[in-house]
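Next come two complexes, and both contain chain A; in the first it sits with chain B, in the second with chain C.
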Partner chain A sequence: MEKNPLTLIGTQLVRSDASEKVLGAAKYVDDLHFSDTVYLAIRTAEVASGALRSIDISKARGSHGVLAVLTHADIPGENQMGSPVPDYPILLKPGDEIRYVGDYVAFVVAHTREQALRAAEKVTVMVAEKKPVLSLNERIRELQKGGDYVPAVHQKIRKGDSDPKTMFDSCDYVFEGDFFADYQEHAYLETQGMIALYDQDNVMTIYGSMQCPYYVQNGVARALGFPINRIRIIQSVTGGAFGGKEEVPTYFAIPAALAAYHLHRPVKLVLSREEDIQWTSKRHPIKSRYKVGIADYGRLRSIQVEAHADIGGHSTLSPTVLWRSSVHAAGAYEIPNVRVDVYGHYTNKVPSGAYRGFGSPQVFIGIEGIIDDVADHLKKDRLYLRKINALEKGKTTPTGHLLPESVGAKKTLEEVERLSDWERLKERVAQFNREHKHLKRGVGIAHIHYGVALGAMGHALDASGAFVNVLPDGSISVHIGGTEMGQGAKTVIGAIVGEVLQQPMEKIHVYQTDTFFLPDSGPTVASRTTVFSGNAAVLACQELLKTLTALYSTEMAVPPQSVRYTGGVFSNTEGQKPVGFGELAGIALKKNIGLCATGWFQTPRLTWDPENGFGEAYVTYSFASQIVVVEVDCLTAEVVVKEVYTAHDVGKALNPDGVIGQIHGGFVQGMGYALYENLKVNEKGKIVSDNFNTLTIPTIHETPEIFKVSIVEEPFSKGPFGAKGIGEPSLIPTPAAIANAVSDAIGKRVREIPIRKEYLLDLIRTAP
Partner chain B sequence: METLHVVYPETEQAFIESLEERSAILNGGTDIHVKIRAGKWPYTRLVSLERVETLKGISQEGKYIRIRCRTTFSDLLANPLIAQHFPLLYQAAYEVGSNQIRNRGTLVGNIVNASPAGDGILALSVYDAWLEIWSRKGQKRLAQIHEFILSPGKTVLKADEFVHSVILQKPTKPLRALFYKVGQRKAMAIAIASMGVLLETKHDRIKEIRIAFGSVAPTVVRIPEIEERAFDQTLNEATVESWMPFLEKHVVPIDDIRSTAKYRKEVCQRLLYKILDL
Partner chain C sequence: MPKRALSFVLNGERVEWEVEASDTLLRALRENGLTSVKRGCEEGECGACTVVIDDEAQKSCLVLALEVEGKSVLTTEGLPAAPGKLHPIQQAFVDEGAVQCGFCTPGFIMTTYAFLKAHPNPTDEEIRHALSGNLCRCTGYLSIIKAVKAAAAALSNQSGAAEGGR
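Up next, the complex of A and B:
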């Protein structure tokens, strides 16, 4: 069949969920009500480290309104929610080790949430407390001592000469530097929440805020000892997740499901913001040491990175997050000799987990800071230095991945150069600085790549399904295994279906994700949904078109190869005997021809050597370059972002407004990480900045007034219409670009984010 | 959480009669809300001022201006008298929270909350404001802002009293004003440190200066040593630097969740340079 011009893809689309969200009509999990609902509160250990001696629930059980108090003895299945590492019991039993303040001791169910909370306080716990490990440095020192201590995670990359003794021998210059990136809170719209119903068919049905329903399904099945086919997960409207609703929702679905199982009543568990901030995952704090060798007037020759991450009390997703850190640690450049070691260390703090960028923004601040050091030392333009080292088609990444296509890296650098009017921008800033004594502006650049989807480490999960059903009235329902969590998945998948089937968006309804409809489609993470759910939808639609073409051919006595489908109308090659999509669908259904199809997209195979950390890490990479201008008040160390120029290679922008929205949102979130967030953990291992009164994230007043975006389209042949991902690359360059801009403004390298005022004032005071 | 009972009297008389031993006044609620959430709220009964129209508004009484207790920060910003005569109060009001908070939050609520970070308190401090305090029995007394606040959260207000209004004397000469707040971000932030300055100069010589800092001591502090010595000094960097030791006694900050004592102390010294741009 010939190619039709695109009518939806790449055009301005109305977000399919816009009006319900703008009008406040969308039903988030706490807006869902079932009769006879009871409420659950969690009693946590409240000490960071120690051994649990005993639990006394008698007082709680007698507390007003209480229906049940559940402990470890009430778990029908496996008392374990740690995956892949089984280090995370659901409920502690006497003798168990407490690993952080949020470990569960008991679940209290009552008629109201207040009653449950009050009773939870009455659960008495005896603990043999130990001094908690709260400092990453303590673990690093242990490792350096070389005793028996083994870090929980060690991921590595080796390419070319990776012997630290020789790899810098052929370099003309060697640069070194230490960096630190601290926690970041997801600050999604609604807190974690679940409703469990143990209803008909003996099926445990769970509604909740989440991005990965299949993770929840598997986790709940394990805890209840149910076969997976008796667990049904329906994602409720989810107002942002950013990785915070990847592994974590399982930890709240399990308590709700356990209580529903025992009480046979709907159980609701919706966290307060304070509980959510105290108990749930954060971006990994990572300390890194960089050593970079340069040859040939600025070409990167060798790089050695040693990084240490605080994984908190449980391993959760840390092995995968830190693998991604290792893949991206050497930056988006061609470097012949690479040695990267990323270690993950247990501490007695909140488990670190998935967060937009997945372990990469923390290491990009290192490589991007060093690149500026190199450029300054060699007296070369910082943008130029990035250009001469950038990846191109036919070059290999720091893991040795030969890139065959879709490498818009250099183009993104050229685009920010053009957008910002680079030479004039530098002059403008210099002029401003000559005219101001205490206000100083700085320009910062960052250039990044980002592996799309789960990559070599997550190969087993990297497949997705879509189910497309054409109904007698010509309307189309679409189920996907990926989720809409605010990023616009429904709109983009709707557009893909509409484009392939040549039907308007109004005819297409993309459903909220429900595990009943599709096999395990993996998680909605890693900027993979457009590619994976999108491709699956394309495959399903192509199947439907085949069926319809065959039907038209029979009905109209036209040979199958002469059937034309254009503008939503089937015809013969001359355009005669036209039959519209809806009409033909009606005929098909009258003839008992099924018009539903499932598409299943599997990731292309990757060649990866896990022993040596070498090979094809991801199916493809998105690229981005960003220039920011900041203004630093050198009296107070306050920083404001004034201008942003950012270019992103997304393969193909299927929904350009959606792409720009992601870029704006990712930037602001990255800016919050770089400048405003200040998560505080007290000496007892408890997060004390536990609501938005003390944990500051940017408001509309902090967003820069000048924000220019360029979308670069270097198509990815295996993506739907050439698309790659944008969800995370929208954030990733920002912390590095801002750190570099602040460094430029004050004339001294910023080595940690968030750039706290207290830290920055020290730098300013000691700057040349 | 205990059940909170809120009563809404509609007249001043009904309001005064509603006040009881275990009740607190709800006058905007932007601080009460935070305290309730943090579990730091002892009262179970609130008496709201929301419907008492006569307790709202700003009026001129000769050389004085009266700001009644129900007047919100948005009301202050909308009234030309404030912008004209009390620019520092105007600037401070503008820096409070967000539009939504300024629409609800009141100047008097800010004062009675007695936070060392109170933006309104800092402004009233440099204007040497008076507070008219009414008792349930109908007695009235005046207290100056400096005496009114004792320590964080503590005022001289007795259980049966409330602040009826703020009284400000219109300055007889035009004073340049600077309110500067260092927060965790530009908007919706509580001060880490703040400075309020009123200044009059003639040919670069200082004729009058009033200077106060917020968030760096148990209460908002004025710096009398600077105010006394500055007369006739030339306003330049050397002068500003010579003032720095005078902060020592008054600027005695602490470490808290928002920042460190070290930063606060240093930033107060550095903020003095901002006076040069005034």
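Up next, the complex of A and C:
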């Protein structure tokens, strides 16, 4: 079939769910009501480390309004929610080790949430307390002592000469530096929540706020001891996620499902903000040491990275997150000799987990900081130094992945150079600094790559389905395995379906994700939904077109190869005998021809050597470059981002407004991480800043006034219409770019994010 | 605890409710089906529960339900002039891409509503000041600023003729 010009892809699209959201009609989990609903509260250990001696629930059970108090003995299936590492019991039993303050001891169910909370306080536990390990440094020292301590995670990359004794021999200069990136809280506006219904057919149905319904389905099946076919997960409208609703919602679906199982009543659990911040994963704190060797006037030759991450009390997704850290640690450059070791250490704190960027923003501050050091030492332009080391088609990444196509790295650098008017920008800033004594401006650059989808380590999960059904009136319903969490998945998938079937958006309805309709489509993470759900939708639509073409051919006595489909109308090659899509669909259905199809997309297996950490890490890479201008008040250490210039290679922008929305939002979230969001943990392992009065996230005030975006399109041949991903690359360069800009302003390298005021004042005081 | 009677005007219609003396307006509204009013922090920091009380934007988690006795309360459900017809502010949020996850959106719209009534031709600086009590984690706020400006323009065009919506 011939190619038609694009009518939806790449055009201005109206978000398909925006109207219901502005009208207040969109139903988030807390807006759903079922009669006879009861409410759940969780009693946690409240001690960071120790052994649980005993649990006494008698007082809680007698408390007003209480219907049940559930403990470890009430779990019909496996008392385990840790995956892949089984280190996370659902409910602690006497004798078990307490690993962080939020470990579950009992679930209390009552007629109202207040009654459940009051009763939960009456559960008494006896604990043999131990001194908690709260510092990552303590673990690093243990590892360096060389005893029998084994870190929970160790991921590595080895390329070329990776022997630390020799790999720097051929380098002209060697640069070293230490960096630290702390926690970040997701701070999605809607807290986590679940409703479990144990209703008809002995099926446990769960509605909730989440990114990954299939994770929840598997986790609940394991806890209840049910076959997976008796667990149905329906994602409710989800109020932001950013990775925070990847593995974590399972930990709230399980309590709700257990209670619904025992009580045969709908059970609701919606967290308060404080509970949400105390009990849900954070971005990993990562300490890194960089050593970089340079030859040939600025070419990167060798890099050694040793990084240590605080994974908290349970390992959850840490092995996968830290694998991504290892792949991205050496940066978006061509480097022949690479040695990366990323370790994950248990501490007695909240588990670290998935957060937009997935372990990469923390390491990009290292490589991007060092690159500036190199440029400054060699008296070369910082942008130029990145350009001469940037990846290109035919070059290999730091893991040894030969890139055959879709490498817009250099173009993104050229685009930020153009957008910012680079040479003039540097002059403008220098001029400002000559005219101001205490206010200093600085320019920062960051250049990144991002492996799209789950990559070699997540290959087993990297497939997705879509189901497209054409109804008798010509309307089209679409089910996908990926989820809408605010990023615009429904709109972009609707546009893909509309484009392939040549039908307007109004005729297409993309449903909330429901595990009932499609096989396990993996998680909605890793900027993979446009590519994976999108390709699956394309495949399903192509099936439908095949069926319709065959039908038209029979009905109109036109040979199949002469059927034309353009502008939503079937005809012969001369454009005669026109029949519209809707009309032909009506004919098909009258003739009992089914017009539904399933598409299933998977990527080819990547060649990866896990022993040596070498090979094709991800199916493709998105690239980005960013320049920011900050202003530092050297007396108060106040930092304001004044200007942003950012360029992103997304393969193809299917919904350009949506892409720009991701870029704006990702930037401001990354800016919050770099400058404002201090998550404090006290000496008892509890988070102090557990609401927005103490945890400061950016407001509209902090949003930069000058913000220019360039979208670079280097098509990815296996992406739908050439698309790659943007969800995470929107955030990843920002912390590094801001850290570099602040460094530039004060004349001293910033080595920590968030850049706390006390830290920055110290740097300013000791600056040359 | 005995319930107390509460009478006020909600989205243009008089309502008579029974509430607990300790109920916040946020709770009372949500329990009566006005689910656009979102619970984000319950301490007045996030703005997701913002409603307009007698022309002033207020965080309903910080107001006791009984305090609105005799007053007029407006939520985003009450803005359309006719069912399904978006109010110019709602339309601007849709058109300018100011909606992503949507959880903060009703609160932003109500803050904008009260703000534009008092400042029909706002500057960027005034917009930033007025909306600084509402948090959004998705959009980075740039599209929200554009939406407020577009709404201001649409409303001032409209006010030349008759007042549309409310």
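Methods note: the second predicted complex is superposed on the first by the 768 of 768 C-alpha atoms of A that agree within 3 Å, B and C clash if a C-alpha of one lies under 4 Å from a C-alpha of the other, contacts with A are read in each partner's own complex, and residues count from 1 in each chain.
Note that in this section contacts are C-beta pairs under 8 Å (C-beta built on N, C-alpha and C of every residue); 3 or more make two chains touch, one makes a residue touch a chain.
These figures come from a predicted structure and were not determined experimentally.
Student: Now for A:699: first (chain B), second (chain C), both, or neither, which partner does it touch?
Tutor: Touch status of A:699: both partners.
Student: Using the touch definition from the top, say if A:580 reaches chain B (first), chain C (second), both or neither.
Tutor: Once the two structures are laid over each other on A, A:580 reaches no partner at all.
Student: Check whether A:82 is in contact with chain B, with chain C, with both or with neither, and answer first, second, both or neither.
Tutor: neither
Student: For A:21, using the defined touch cut-off, is the partner it touches chain B, chain C, both, or neither? Pick first, second, both or neither.
Tutor: In the superposition, A:21 contacts chain C only.
Student: Based on the superposed arrangement, let me know which partner A:691 touches: chain B (first), chain C (second), both, or neither?
Tutor: So A:691 meets both chain B and chain C here.
Student: Quick check on the superposed pair: does A:486 touch chain B, chain C, both, or neither? Answer first, second, both or neither.
Tutor: A:486: touches chain C, not chain B.
Student: Now for A:10: first (chain B), second (chain C), both, or neither, which partner does it touch?
Tutor: Once the two structures are laid over each other on A, A:10 reaches no partner at all.
Student: Name the contact category of A:519: first (chain B only), second (chain C only), both, or neither.
Tutor: It touches nothing on chain B or chain C.
Student: Could you figure out whether chain B or chain C reaches more residues of chain A?
Tutor: Between chain B and chain C, the winner on chain A residue contacts is C.
Student: Residue by residue on chain A, keep only those touching chain B in one complex and chain C in the other, then list them.
Tutor: In the superposed arrangement, which is not itself an observed complex, chain A uses residues 691, 693, 698-701 for both chain B and chain C.
Student: Note which residues of chain A are touching chain C in the complex, please.
Tutor: 14-15, 17-19, 21-28, 30-31, 186-191, 237-242, 270, 272-273, 485-488, 657-658, 660-661, 664-669, 691-693, 697-701, 703, 705, 707
Student: Which of the residues in chain A end up touching chain B in this complex?
Tutor: 114, 438, 635-638, 640, 676, 678, 680, 688-689, 691, 693-694, 696, 698-702, 757-758, 761, 765
Student: Quick check on the complex: what are the chain B residues that touch chain A?
Tutor: Its residues touching chain A are 1, 34, 37, 98, 182, 184-190, 192, 257-260, 262-263, 266-267, 270-271, 273-274.
Student: What residues on chain C touch chain A, complex-wise?
Tutor: Residues 30, 34-43, 45-46, 48, 75-77, 80, 86, 90-91, 93-95, 97, 99-106, 109, 124, 127-129, 131-145.
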